[in-house]
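Next come two complexes built around chain A: one with chain B, the other with chain C.
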Partner chain A sequence: PMGTDMAQTRHRCQQMLSLSHRAFFWLVSLLLSSLIWFIAVKASDPRDEPLQRGLLIFGVMFSVLLQEVFRFLYYKLLRKAIEGLVALSEDGCSPISIQQMAYVAGVGFGLMSGAFSMINLLADSLGPGTVGIHGDSQLYFLTSAFMTMVLIFLHTFWGILFFHGCEHRCWWEIAAVVVMHLAVSGSTFCNPMYVGSLVPSYSLMAITAVWAYLLSGGSAQNMRRFLLCKS
Partner chain B sequence: MITFMNNSDSEEEPCNERTSLMSAESPPVPSYQDSLQASEAGEVQAHRKRRTGSSRGPSNTADGDVSDMGVPVRESTAENEEEELTLKYGAKHVIMLFVPVTLCMIVVVATIKSVRFYTEKNGQLIYTPFSEDTPSVGQRLLNSVLNTIIMISVIVVMTVFLVLLYKYRCYKFIHGWLILSSLMLLFLFTYIYLGEVLKTYNVAMDYPTLFLVIWNFGAVGMICIHWKGPLQLQQAYLIMISALMALVFIKYLPEWSAWVILGAISIYDLMAVLCPKGPLRMLVETAQERNEPIFPALIYSSAMIWTVGMAKPDTAARGSSHQTWDAAEDRRENHRSPSHADSQMSETRSPIPTRPITSFEEEESKERGVKLGLGDFIFYSVLVGKAAATASGDWNTTLACFVAILIGLCLTLLLLAVFKKALPALPISITFGLVFYFSTDNLVRPFMDTLASHQLYI
Partner chain C sequence: GSCQGNSVERKIYIPLNKTAPCVRLLNATHQIGCQSSISGDTGVIHVVEKEDDLNWVLTDGPHPPYMVLLDGNLFNRKVMLQLKGTSRVSGLAVAVAKPNPPQGFSPGLKCPNDGFGVYSKDYGPEYAHCNQTVWNPVGSGLSYEDFDFPIFLLEDANETQVIKQCYQDHNVPRDGSGPEYPLCAMQLFSHMHAVTSTVTCMRRSSLQSTFSINPEIVCDPLLDYNVWSTLQPINSSGKVDPDKEVIMVASRIDSHSFFWNIAPGAESAVSSFVTHLAAAEALHKASDVHLLQRNIMFTFFQGETFDYIGSSRMVYDMEKDKFPLRLDNIHSFVELNQVALRNGTALWMHTDPVSRMNNSVEVQVRNLLDILSSSSMEGRVTLQEAGFSQPLPPSSFQRFLRARHIPGVVLTDHQTAFQNRYYQSMYDTPENIRIQYPEGLSPEETLEYVTDTAKSLADVATVVARALYRLAGGANNTSAIQADPKTVSRMLYGFMIKMNNSWFQSIIKPDLKGILGDVPQHYVAVSSPVNTTYLVQYVLANLTGTVVNLTKEECLNPEKTPNSEKEMYDYAWVQGSLDPNSTSRVPYCVRSTVHLSKALSPAFELRQWGSTEYSTWTESRWKEIRARIFLVASKELEIITLVVGIIILVFSLLATYFINAKADILFSIPRDPGAVAY
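Coming up: the complex of A and B.
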């Protein structure tokens, strides 16, 4: 009992720590990509609209790529940590599995990304104002909320996929994650035509969810058993 | 109030103890076990070690927080068990520190964002006499640097004074100072805070009710902090005191001075704790030589010592009260000049080994606590609060500073596990916090704003 209690406590604590580390890594990636964009904008003519838009697109894509790079770096860090834990433990097996860490890492990434996207919006939504008064879409808050939600889920699933790909050296899984991230970010360029961004994002999320579930060892039988509350 | 503050010449000199993280008892002397004979301690230790590797006997330099990466080297008999427990407790201790630091920051940010009083400029402290209302940038910078120099020198003088008092055993003086400080903090500052909150939300309250509330709050606080009380209540009071102190700092320090002071304080903390002649290091070492717990001052501790079957009741009392002090901060608080807030020496991490004196229990509460000085709490909250107050209404900056500080704390705890001695808690966190504040405010904010206006997602 003491052994299991110990393992569980450690488990929880390390999960929480991993969340915060992950958030930090995302933050650093955002910082670096903003730096690049900022430099590019300052170096260019502010009145040139298409150029500014082009720079923005470049900034977004670069940021997505940097996030994936940092996800990889985080994977490396986590790998070392788990190896250290395994070396220390008595029976040679780690209390935390890499899948659990992958899940937590994905959640951390997603939460940080979601928080940064939404928190200013939430603060503004308290204040006096009218949505879409200048002719913009009136569904701004609603669609922002949905988009943020889908991104958080996607980050979680991408975390699982990415780590699985790194573990088993399936490079195509990693490439798939990067391509999907770029696709989702790119689809947001269709906003305010929300059909072009929300629908593909949600369908991608469903696909990724099923994929991640299968990779984590789930199957149709497990799902049926779970839903029917069988033991 | 304002005038009082401005002309403050508070009788309580704030103590300037720097915050520092203290690793688990470095000398193999149990700090709370003064009454135990050495042999008894040795026996208990040996027995305990044999029994279970988890309890860190006084002979082990237990570092409270061992992150998953740090592994202390232990005696071979219980080496593996020790390591396991260290790791187990390491992560737990980090979380035990995350929660209070987060709570303190949340209180400060919530107050800053809602109560306008704390963001209005209403004079400056006596310790920062130079005004920043000058038109030229160079002059402003110069004034803030001068303010910083004055503030830091006051802090240094105070710390040295405190160390001298401690060295020459003027305990009564120190205790009186601390009590006066906490008195002022718990009553006066709380009254002001409550007044401002009620004003903001337009809630009417009559004086008798106010008196009753403040009296109860303050009296219970004094008892909890200086004497005995439930651990969580004591922790809650310490968090509130730190938040109040941080709010005072945020209000009365001019902008640029605040940032320069934060940077300078981290450097001072680093030097005071690590240099051989640093005042804080001397304080820690003196306390350890005398086998006394360092100060009943402003130290947040996250666990209780369970002394089971104590032969000497006062040891038990001492044991439990050891955890419950942390009142020292008042010193800081009292000062009208918040400058001394950071004087808290934070012994951050000394896990207090629980020791059953009767070694029959196999599992007495293995609550090892970690200790963090209140000065650390205060300066972390000042950084986040300033970010919330001055970052052009942007929440991203606040969030970024918050994450940066937590990561810095994590890293510091990791270093503590590796080095196992008193470490300063401020430098890494404050550096990260400052870097992230300035970079997020100037680089990330325009980027995120542009993205949000086009509703793009990354």
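Coming up: the complex of A and C.
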């Protein structure tokens, strides 16, 4: 009993550590990328609109790349951790698999990104006013919420894809994750034409969901059995 | 705040920066002014430009409560009482009417300072409560009403236009049906801490100060300083000989309007004290002032708008021997009230009919009136008596009469009712006293330009100065006593248009440069001394004092200098004018007989907060005052957003549960050697 207890504790600790560590890593990447953007903005002319917009696009792209770099670094860290756990364990098996780590890491990443996207919006939505006096869309809060949701899901699935790619040295999977992230972030520049950003993002999410499910050991038969059992 | 609002906040709100609130003032029995809820009052904007628009607000509009944007010409008692009586109004923003409303506008009372003057049921009851003459017939008494919603003044026409544009875009009903969401709304914050009356708020404040470590004071008494100066120096810390006679000259230096810190007071205050200052300057230039039989004291009372705060305090101090002079020393009293709007050449002399029924007083008053009439200037200023049957207009002299039957006269430009149709309102501006500058002048040229109003006030000052010289026993020819129109026009410019001019900058102390920033206004306020008091003090010192050859240390510490006679004189180190080619100033020391005396109502000294004898006006405290506009969404959209969120939440919880429960069906563990064994 004590043995399983310790294993369970280690198991749970691993999981939780992974979540908050991942979130922390995402925060660090955001900090660095925003520092670069801030310096670039201060060093440039604030009245030059196209330049400022260009700087913003550059900042977003740089941030995406930096997040993916940190995801890779975190993968490396987790590999070392799993090796250590295996060495410590009694039966030479790791109590937690790399896929579970990947999933939890992705969720942590997504949650922190979602929190950052939504917290200041939520704070301002508490007041009596809504967006629109300068001509913006009234649905601003709703669409921001949906965008955040799709990003959280995407981060989760990208986590699984990315780690799988790193494990099996499938570089094209890693490249696909990076390209998809750039595409989704870039599509937000279509706002306020929400059709241009939400629709592609949700489609990408559907594709990525299926891909991640297949990589995690799912298959069409499993899905059918699951749905038929339910009904 | 000091940090820039984040971009989402800037998408939602447009702050209104150039506004003035209406605050709560309290006296012994009532509260007046406006109040908002502690987290601001919000309402859908409706622009009211004619009376019919009010029906939408009061009955027809489907989205109450409304925030009314009122055109300045409709800001009258009738409309305001209609708005006060309904619960469909959550606030009011008044746009300044340009040009001034032609029919006149005065939110003051018809009978100003009634009950605190000399006329009561025991003294001249037929004159009390303006039974004989209504002094301010245009007065609507709006300032003295109590409103339970916030009222703000929109000073900037551009901001008013932004609000009207937002209203046009979103709130105008189209095709007969009501306007659709999102609607343009406004939020006003002006929560006042004090309630009910001065008695209540001072009691609460004193309880807080006594028992709490961190006292939360809710109201402050209106207080400031009176400025006084004598022609011949007197010992300001001692007592003047009872045989020495003094002639008091008085004027008020404060005004009021419906809104906080907006009190241009051109005719009600500035005209009188500028004339008074010019007369003081003219008198000091006479050659034999030190030989005059009687002394002359020039007094500038602060807080007179609020039931005679300054003059009641000076009378109280004189009675209690806390002032160098006593009431016995006062030989006669001359007061300058509103003097800029003379009809033709007439300047009216008002006296108190009740005290004149006493023979000895009548003789002295008669003498006073004769000397004043004989100082008339042919074709420019003709002094006329207002009539024996008429009482005194509201004036500081009434407080002195309450204590002692002193012979005195009040000089005004009106025989019966005020000529001023904007008494104590925001429209009592330089235009009201017919000041006009030609186009295209620089600030320096405007400072030096002599307007017709300045010439007219200088004539009045000359007449008053000559009469005072005679009254004080002067025997020489008075034709040399002349007030300078250039000084008058500089003072008018500084006190009404731009305080930050080169002349004012040169006559103040170096560390007071900050007081010259704002638009000039003359509200008595609760922090003292206000800019007006400082400036009157320094202008008087400059016009009546002498430059002495002392160094900075000697000037700032006159007690160390022999022969300085510190009790008789006041020494001020002023920063001097700018050298024409350099950026530095040449400061110097001015010796004058100008002093300040505290102008706090005796009711607060005696802690009689419910007093009906002395002024009990206090101003409430508040935390934040601001205004902003934004769009509001319909309730339906808000509920839809909430419900969608809850549905998604419930759905995701259910999905997670089912996926977790059937995980072994959904995922078959891959035979992946690389992940497990090492």
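Couple of notes before you dig in:
Keep this in mind: the second predicted complex is superposed on the first by the 220 of 231 C-alpha atoms of A that agree within 3 Å, B and C clash if a C-alpha of one lies under 4 Å from a C-alpha of the other, contacts with A are read in each partner's own complex, and residues count from 1 in each chain.
Criterion: contacts are C-beta pairs under 8 Å (C-beta built on N, C-alpha and C of every residue); 3 or more make two chains touch, one makes a residue touch a chain.
Since the structure is predicted, the reported quantities are computational estimates derived from the model, not experimental observations.
Of the two partner chains, neither chain B nor chain C is touched by A:Ser203. In the superposed model, A:Ser44 makes contact with neither chain B nor chain C.
By the touch criterion stated above, A:Leu121 is placed in contact with chain B and with chain C alike. Within the superposed three-chain model, A:Tyr140 lies in touch with chain B and with chain C [touch as defined at top].
Judged by the touch definition given at the top, the superposed model places A:Gly217 against chain C, while chain B stays out of reach. In the superposition on chain A, A:Phe226 makes contact with chain C only, not with chain B.
Once the two complexes are laid over each other on the shared chain, residue contacts for A:Gly132 go to chain C alone; chain B is not touched. Of the two partners chain B and chain C, more chain A residues are in touch with B.
Of the residues of chain A, those at positions 120-121, 140 touch chain B in one of the two structures and chain C in the other. Chain C makes touch with chain A in their complex at residues 6, 8-9, 11-14, 42, 166, 182, 184-185, 187, 628-633, 637, 641, 644-645, 648, 658, 662, 665-670, 674-678.
Within the complex formed with chain B, the residues of chain A that make contact are 2, 6, 9-10, 13-14, 16-17, 20-21, 23-24, 27, 30-31, 33-35, 37-38, 41, 56, 59-60, 63-64, 67, 81, 84-85, 88-90, 112-113, 115-117, 119-121, 123, 140, 143-144, 147-148, 151, 184-185, 188-189, 191-192.
Across the complex, chain A meets chain C through its residues 83, 86, 92-94, 97-99, 120-121, 124, 127-134, 136, 138, 140-142, 145, 149, 167-168, 213, 216-219, 222-223, 225-226, 229-230.
The touching residues of chain B, when paired with chain A in their complex, are 67-69, 71, 80, 83-85, 87-88, 91-92, 94-95, 98, 363, 393-396, 399-400, 403-404, 406-407, 410, 436, 439-440, 442-444, 446-448, 450-452, 454-458.
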